[in-house]
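Could you have a look at this structure, given as structure tokens, before my questions?
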Amino acid sequence: MNQQQLRVTVWNEGVHEALNDPPGMAEYYPRGIHGALAEALHEQLPGATVRTALLDDPGHGLDEEVLAATDVLLWWGHKAHDRVADEVVDRVQRHVLGGMGLLVLHSGHFSKVFTRLMGTTCSLFWRNNAERELVWTVDPTHPIAEGVPNPIIIPEQETYGEHFDIPAPDELVFISGFSGGEVFRSGATFHRGKGRIFYFSPGDERYPVYHHPEVRRVLGNGVRWAARPGVPREQPRVANAPQDWFA
Amino acid sequence: MNQQQLRVTVWNEGVHEALNDPPGMAEYYPRGIHGALAEALHEQLPGATVRTALLDDPGHGLDEEVLAATDVLLWWGHKAHDRVADEVVDRVQRHVLGGMGLLVLHSGHFSKVFTRLMGTTCSLFWRNNAERELVWTVDPTHPIAEGVPNPIIIPEQETYGEHFDIPAPDELVFISGFSGGEVFRSGATFHRGKGRIFYFSPGDERYPVYHHPEVRRVLGNGVRWAARPGVPREQPRVANAPQDWFA
Amino acid sequence: MNQQQLRVTVWNEGVHEALNDPPGMAEYYPRGIHGALAEALHEQLPGATVRTALLDDPGHGLDEEVLAATDVLLWWGHKAHDRVADEVVDRVQRHVLGGMGLLVLHSGHFSKVFTRLMGTTCSLFWRNNAERELVWTVDPTHPIAEGVPNPIIIPEQETYGEHFDIPAPDELVFISGFSGGEVFRSGATFHRGKGRIFYFSPGDERYPVYHHPEVRRVLGNGVRWAARPGVPREQPRVANAPQDWFA
Amino acid sequence: MNQQQLRVTVWNEGVHEALNDPPGMAEYYPRGIHGALAEALHEQLPGATVRTALLDDPGHGLDEEVLAATDVLLWWGHKAHDRVADEVVDRVQRHVLGGMGLLVLHSGHFSKVFTRLMGTTCSLFWRNNAERELVWTVDPTHPIAEGVPNPIIIPEQETYGEHFDIPAPDELVFISGFSGGEVFRSGATFHRGKGRIFYFSPGDERYPVYHHPEVRRVLGNGVRWAARPGVPREQPRVANAPQDWFA
């Protein structure tokens, strides 16, 4: 795979940034969470094209042209999941099933895009006490774990805990443990249609996690794994499919 | 698990029966596909309570009370998938995730209920030439395969073929081969939320497949496997879930 | 499945008991680890026949007759794995592949029986500091998790940690977190041949874990899940198999 | 991954070649099955280093130095599985678990190397009637399926059929159907330790299958997928492992 050709789109709802909530967030994420993610990907994937898109952009910045020119989409959302238009969710789902890679990050577990693709509630337990998260590798054969230390130590993070209501992952790559005692399947892949999906839980608006070098390594590995630049983005064959997919 | 307590609901869209299409269908399915399925389950699960529900019943016969009193729901549909109301799909999904078993049969692969739970198109290849289907067991440890010969021989069936656009099954129980050369993952399980789902492809309005004694054995095993009578039907925890689930 | 007919054999190497190591072990395990396990199963599976077998019994107490009359075998070993005769390992493997259930407990991860059936080293990280173990359910649809609280709290246990070098489990039921920060796939199933295998890590000679009511519940569920009393114990079809299996 | 650096070793027992059995085999495999496989890999992986090793070479041509310098090992055997020395099997297993890729081909399903890594009998049904094999892709997201038509048509092949007694594959890539009616999981991956294993069934001494351009494409994809040139070949951590692994 030629990294020069990788085309990545980072989507962020951008609400925390607009509200400067939590206060001081602008100090560690001056260009927003999407800016930090784009910076991480430029660092990890030299030569890749990285663009950003926001909820308030026309069509949430994810019209047909943008998705058709995207090898991998990253998704970060938290406070405004239900402000995402169903037609955009339909479009993203169609592109993922057609071969676009998708990385769903942290609170994106509750996004319409992820719950639509999983078919479950994707609910989980959470508590935000700045606990220490240890991210352990359980599948050392997986490309996403390549070069990742065991464990990754994240000094302060929101705690996520089981039961995480997802389908059994196609590949379970990471399991996290938190100082409060919870465990969480924090790195999991799903094959859907012709697309590859990677859910990775670290990352929260309260902590500068996306500056963590090893977290950035995982993001770069994840994009490399999910990208299928050689694959024609066919419309999935859906004779007789639920009409709402093709409004 | 006490079979006496098993409560099964067989759902059928009932359109082929209403149109007597194909002509002569009434000869082998005089009480409809739902009638044949109910008969099979009475035979396989002595003492179980089996009710039927149809698309044209009020609320498609699947209101909250019915689902709350259903351990396992069977779903047969073909011509009228998009006439199924989204609110009924929401309700069925919520009950499956809360612990209700679900058997999706044959052309139900394209139902809103199944595609919603899978998150994929669930498309497949088909050809209807009355070919012979051989159903081979690939997981002899699975309760659904108990007492099932290898292979089940179905003299005439509609041909289904790969690629079947589903998530990788949690358990692949049966693979079918057709005289025309196609292969198909014809028996597959999925764990979703607290619910167990079994997709089984044999069965078509053109052939009396639901009278086949070994197909009936699989249906009985499938209901027994999917049923969780002891489990309280909790509403899944879905804080912040997509609004459309909770209209 | 009729519990009356369940026939369980509990195997223990019995070395810690013989050496009274650790000192005082006899206080919480007066009849040995095998005695405590047998007591737990009598409690959980009323009417089941439970026998015990030890390393120093003739043929380790696992001759052809015993295995042929065993629905589920429990395996506990730690200090004497390589004193187990290869011919007994061959015999146990043959019966598991033929349909006998197997529960491998705690340090049994390094037993010849388990490593033979997994094909991997089954190595893991460990530290014995009497840490608190929390056992979290990640598959609430699984029969082994039925009636098990989330989490099970074990006040003092040996710490096991990833990477646990096993094949990806067919079903991952439990993940444990330890107060020291490690996580571990503590409850995992494997389908091999016609047999069902459940690995469950809690239980160590230093702590009275097998008296814990919820651990006992898991053991009972595990035996019920692994048992296939209806299945004829065929010799697996192994034309041209490695000779050492059939000495 | 830089193909220039790929180091591949093709192992063949070489017995059919020595006996010219079947007669005429030398016409389509003049340099033996290993020669045809090496030729295919040179074609598919320009710049890769491909060496061959035979049963009758000293140490079967697989001493520590050779394996340490091998990124991916291909294994073809049929008539002489039990002439393979256990110490060589131990060595190959250790290297696979340490990160060496392994492709097991056709009748290699019964090799000591494969049965050791799987832990099952790996038995299957077979019949040799020059039937037509259709190889269908069931996981279009998998790198091994990239650029492979659906189906691959192999005019004449030995028939393999279920039940194939393997652990459930980590990824099921191909399912074959044969003109006689059997189906077979013909392309399956297994993650073991740090190593990636791909079993691919097409290929028999009676038919020139390894000249088939699409079969060669799969072999090339398989080697590319299984290779981990960047990963240090550590000895797996196996404190207290069964002694026979470390004679």
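By letter and in written order, the chains are A, B, C and D; residue numbering begins at 1 in each of them.
Just so it is clear, a contact is a pair of C-beta atoms (placed from the backbone, for glycine too) under 8 Å apart; a residue touches a chain by one contact, two chains touch by 3 or more.
Computed from a predicted model, the values in this text were never measured in an experiment.
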Pair exhibiting more inter-chain C-beta contacts, B-D or A-B: A-B
With centres defined as the mean C-alpha position, give me the chain B-chain D separation in Å. 38
CA centroid of chain A to CA centroid of chain D, Å: 36
Report, in whole Å, the distance between the mean C-alpha point of chain A and the mean C-alpha point of chain B. 33
Touching two or more other chains - residue numbers and ranges from chain B: 139-140, 168, 170-171, 191, 193
Which word fits the touch map of the chains here: line, ring, star, complete or other? complete
Listed in rising order, chain A residues that touch chain C in their complex are 132, 134, 136-140, 150-151, 161-164, 168, 171-172, 175-179, 181-183, 185
Spell out the residues on chain D that touch chain C in their complex, using ranges where they run on. 81-82, 86, 93, 97, 110, 112, 115-121, 123, 165, 167-168, 170, 190-193, 236-244
Which residues, counting only chain A, touch chain D once they are in their complex? 139-142, 146, 170-171, 191, 193-196, 228, 230-231
